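Since the structure comes first, as C-alpha cells, the remarks are kept for the end.
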Amino acid sequence: MKKLINHPDNVIKEQLEGMQAAHADLIKVNFEPYYITRAGGPVQGKVALVSGGGSGHEPMHGGFVGHGMLHAACPGEVFTSPTPDQMHEAAKAAHGGAGVLNIVKNYTGDVMNFEMAAELAIAEGIQVQNIVIDDDVAVKDSLYTAGRRGVGATVLIEKICGAASEEGYDLKALSALCRTLNQNARSMGMALTSCITPANGSPSFEIGDDEMEIGIGIHGEPGIQRDKMKTVDEIAEMMTVGILEDGAYSRILKEWDQDKGEWAEFEYVDEPFKKGDNVIAFVNSMGGTPVSELYGVYRKMAQVTDKFGIKIVRNLIGPYITSLEMQGCSITLMKVDDKMVKLWDAPVYTPGLKWGM
Amino acid sequence: MKKLINHPDNVIKEQLEGMQAAHADLIKVNFEPYYITRAGGPVQGKVALVSGGGSGHEPMHGGFVGHGMLHAACPGEVFTSPTPDQMHEAAKAAHGGAGVLNIVKNYTGDVMNFEMAAELAIAEGIQVQNIVIDDDVAVKDSLYTAGRRGVGATVLIEKICGAASEEGYDLKALSALCRTLNQNARSMGMALTSCITPANGSPSFEIGDDEMEIGIGIHGEPGIQRDKMKTVDEIAEMMTVGILEDGAYSRILKEWDQDKGEWAEFEYVDEPFKKGDNVIAFVNSMGGTPVSELYGVYRKMAQVTDKFGIKIVRNLIGPYITSLEMQGCSITLMKVDDKMVKLWDAPVYTPGLKWGM
Amino acid sequence: MLSKKQIVTWLTLCHEVLEENKTWLTQLDTAIGDADHGNNMHRGFKKVHAQLSELADKDIGAIFKAVAMTLISTVGGASGPLYGTFFLQAGNKMAGKQELSETDVAAMMRAGLDGVKMRGKAQPGDKTMVDVLSPVTEALEQNINDGMPVIEALAKAVEVAEQGVKDTIPLVAKKGRASYLGERSKGHQDPGATSSKLIVECLYKAARADS
Amino acid sequence: MLSKKQIVTWLTLCHEVLEENKTWLTQLDTAIGDADHGNNMHRGFKKVHAQLSELADKDIGAIFKAVAMTLISTVGGASGPLYGTFFLQAGNKMAGKQELSETDVAAMMRAGLDGVKMRGKAQPGDKTMVDVLSPVTEALEQNINDGMPVIEALAKAVEVAEQGVKDTIPLVAKKGRASYLGERSKGHQDPGATSSKLIVECLYKAARADS
C-alpha cells in the first residue's frame, strides 16, 4: 500500500486538519466528534442541510459544506457510517431554527445511525426529516436486498437542495423536493480496480488486468458481476442503457411523521425515464480515473441519451463521489424541471464545488 | 493496460468529442487540426491567451478555455508537443486584434514548436509574444540541462493572465505580468506510480510498492531520484523545503523582440522566497491520487510555509495538471501581490475551473 | 447464575477476542462487504473495555446500557446500531440486577435479539448476525427452561453458534451490504454472524471463569 | 551520385524502418524520456510516405522542403522541429537539383546538421541526435573530399553512425528531456540518436538500390 498518508490511524484527523487549514474561510472542522460546518456559522431561518457517511468519498460530503450546499457534514471512519452522537452534534451546530434535513444514503448503517441521530435531535425539540437516497440501478429489487444504494444522485441532490434551502424552502418543502429528486435519479457504476483502505493495507478485491467490475457501490465492495474488460463505448452504452431501461421501481422508505411523532413507512414508486425528459448528466470518477477518460464516457453516454430522446440540460464531470483511489466511473441521470435547473445554477461556494459567486 | 478508451488511435479525437458535447456552451473544438477556442469566438480588443502541449494533462490546457482564462488551447498527441501549424490555426481563430500571448511550458519540443508557430503568425501580421514557464526546482541548473520544466505554475499563470487579458492588459503588459508570475513561482513533484500511455500500453517506468520517484515532470518520465517510500509529512516537508530553500536561479530565455523583429535572448534571475512573502499554494494531484490525500500534503506544507514566515493567501487543491492516471502530487508556491490576488479572484468560467460567475 | 464480575469478564474477553480476530473479520467483510467490520468491532469494544472500571459499581442493566451507548457512539456502520440496540434492550431487561439467573440469561439474549431484529428487520436465513443470535437464543431458552445449568446451556449455545455461522456460508444475503452482491455472496461466511459467534463464545468462557 | 528515384527510395525506406523500429525507439524513449519518440517518428514518416507520389515531379530541394513541412506539422515534440529543420535546410541547399553529386550529399548533411544545431543548440556529447549527425557529416565531408564514391562513403557513414549511437550510452544528457534525469540518463542509448542512425542507414540502402 502506497498512499500519501502518515500512520493509518491518523489519516482522517490529519486530512481534516488539512481541509481546515486550506478552507478556513469556508468551513469549520470540529474534531471531537468529527463534523464540518460552515465557517459563517448556522444560517438563521433556513433549513440546515446535513449529510454524512464514511470517509473515503472525498470531496463528498465535507467538501460540499458551504454557501449553496450543505450546512454540515459528518465523516465517519473510512467506509463506515458516522455515529448518532456525532451527527447530533453536527445538527445542533448547524441548526438555524428552521429544522434539519438529513440527506441519508441508503446503506443499512447510514440509515440506522441517521435515524438514531434524528431521534436525539427531535427529543431536544429540533424539527428533523430524513430523506433516503437510493439511486443505484445495479441493485435490482428491494425485497430480497437491503435496497438500492445511495450513490451519484447524492451529489446532485446536495447541490439542488442546498440552493433551495438558501431560497427559503421550509423543512416540508425541502423534504418534498429532496424526495422528488431522489425519485428522478438513477445511477450505475463500474470499476477497473479496487481500492485499499489505510486501516487494512490490501485491496478490497482482486481483479485481473483484463477484467472489470460492473454494478459497484462506493465502498470498495465487489460489484454485481465481473466481466471481461470492454471498450469505453461498450461500457458507457451498457451503463446508460441500464439506467434508461430500468423500469418502474417500488420500495418502502422510512421517514419521520411529524404529526404522529414516530417513524412511518412510505411506499415510493419511481417511474422510468421517457422520451422528452430533460436531465442533468453526471459522469463521475471513482477517484483514480482522470477526467480525460470521463470525457470518453460522456461522449457515448450523450449519444445514447440523444437516441433515447432525452435532453442533457446540465452536466457535472469529475471526481465528486469517490472510493479512495479506485479507477472506475459512474453515471447518474436525474430528470429535472426548470425550477430544479435554476436551483442547480444557483451560486455555490464550497471546497469541492464553486460557481456563481 | 485498462483504461476507459476505445482504440488507442482514437483516444484524443473521442475525448475531444466528449468535451465538445459536454461544454458546447463554453468551448468550440476544431478537429483538423486539433484546437479548442471559446464558444463565443474571439474577444475583440483583448489579448488572446493561447497555450498548448501534449494531451494527457487534462484538464490542462483544453479544460481551461473560457472566460477569464485561455482563449485557445492546442492538444498534441499524448505527451507530445502540438505542431506549429496547429498552434497557428488556433492563434488565428482566437485572435481578437490585440495580439497573442503564447504561454509556453519549458520543454524543448514545446519551445521550438511554439517559436515556429509565432513566426507563422508574425509573418501574417499578428503581434505575438512567447513567454516560457520554467518553475520546476527539481532540475537544478540551466547550463547542463534543457532547463527547468514548466509545471504547476502554468495553471496559476493561465488563470491570472486570463483575468488580466479580460481587464484589458495590452500584449506588452500581459507579457510582463506573465514573466513576473513565472519568476515568482516554484514547484516540485513526486510520484507513487508511473502511468501508461494508450499508444504504448505499458508503464512509463517500473517502481516497487515501497518506492517513490522524487522530482518528476508531467510526461511520465522518471524523476531525478528514486527513494524508499516515506510518510506524507516527510514527503510534503521535503518538497516544500526544496521549494523554499531553492536559491537565486538564473537562465536565458528566448522572447520575441518586437522592435528588431527577431528572437532575442534574455537572462532572468529569480529570487528565492523570503519571510513575509504572500503566496498562492497549489497542491496538485497527478491524476490518480484522490483529493483526500492532497489535504494531507497541504497540512504539512502549510506548517512548513508558516514556519518559514510565508503566508498562504489563496490555494488550489485538486487534479489540474496531470499525467494520465499517475498517482502522485506536486506543490507550487507563487509569490503574489495584491493586484495578482485580485486577478486570481476574478471570475472564471471554464470546464476545469469556475468561480465568480 | 452469572455474577456481575463474570459479566465484566465477558466484556473484557469480547475486547480481547475481537482484537485477536480483527484481521479475520476484516477478511470476511472484504469478500462480501467494505472491509471495515473487524476495525469497527475492535474500535467499539476497545472503548467498552476502557470504561469497564468506572462501571464496576453499577447494576448489570446499567452496565449493558453504558456498553450500548459506547458501541453506538464508536462502532458506526451497520453493526454499531445493531449491537448497540442489542445491549440497550438487554440492559433495559436486566435493569437493577446485580447477578443473572439462568432465566435472566435467556431473557437477556431474547431482549437483545428482539432489539436487533426490530432495528435491522432481518430474519434467520438473511445471512446476518441474526443467523447466530436467533438459534442461540432459542437454544438457551429451550435448555434453560428444561433446567440446564448456565455453563452447560452456554456450552450448547456455543455449538449452536458455530453451526449457525457455518450455515451462513451457502446463503444468499438478503440484508446488509452483502445483499448487493446477490448470488456472489454465496460461499462466504457472514462477518456479523462471525462476531456474534465470538461474543457468544466469550460469554461461555466468562461463565467458566471466577465469579 | 544519387538519383531522385533513390532519394524517394530513401524516404520510403525511412518509413518502413521507422515503423519496424517503433517499439524499439519507444523503449529507448521510455527509459530516459516520455515514451513517444517511436510513435512520433512513425507518424511523421508515414505521412511523408503517403505524399511521395505527388512529389515525384518536383526537384530534390522541393521534395526535402515538403518532407520538412510534413514532419513539422505531424511529428510534434522535440524531434519534429529538429528533423523538420534538417530537411528544410537540406532542401534549401539542394534547391533545383534533379540528382545529387557526391559533394551535394555531403553538403546536404552539413546543411541539415547545421539546421539541427541552430534550432536545438546541442553540441556533440550532449546525448542527442547530433551525436550521430555530426560525426556522420564530418565523415562524409572528409571521405567525399578524398574522392570516395557515394556508396562507399555512405557505408563508412553507417559505421560512424553505429559508433555514434553507441557512444551516447555512457553520456549524461545535457539537452532534451533526458537531461532532467541527470546522472540517471547514463547507461541508456539516446532515442533521437537512434532514429538518426536508422535514417542514415536508409540513405545507404537507397544508394545501393536502383537509380
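Order of writing sets the chain letters: A, B, C and D. Residues in each chain are counted from 1.
By definition in this document, a contact is a pair of C-beta atoms (placed from the backbone, for glycine too) under 8 Å apart; a residue touches a chain by one contact, two chains touch by 3 or more.
Labels paired with UniProt names: A, B = phosphoenolpyruvate--glycerone phosphotransferase; C, D = Dihydroxyacetone kinase DhaL subunit.
Quick caveat: nothing in here was measured; it's all calculated off a predicted structure.
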item: Most distant chain from chain B by Cα centroid; value: C
item: Distance between chain centroids, defined by C-alpha means - chain B, chain D (Å); value: 32
item: For chain C paired with chain D, centre-to-centre distance based on mean C-alpha positions, whole Å; value: 76
item: Inter-centroid spacing, chain C versus chain B (mean Cα positions, whole Å); value: 56
item: Pairs of chains found to touch, sorted by chain label; value: A-B, A-C, B-D
item: Residues of chain A touching chain B in the complex; value: 1-7, 11, 14-19, 21-22, 55-56, 58-59, 63, 192-193, 209-210, 212, 229, 231-233, 235-236, 287-299, 302, 315, 317, 319, 322, 324-325, 327, 329, 349, 351-352, 354-357
item: Complex interface listing, chain A residues touching chain C; value: 33, 54, 76-86, 107-109, 112-113, 115-116, 138-140, 144-146, 149, 197, 199-200, 202, 204-205, 215, 217, 219-222, 224-225
item: Complex contacts: residues of chain D adjacent to chain B; value: 26, 30-36, 39-40, 43, 72-82, 119-120, 172-177, 179-182, 184
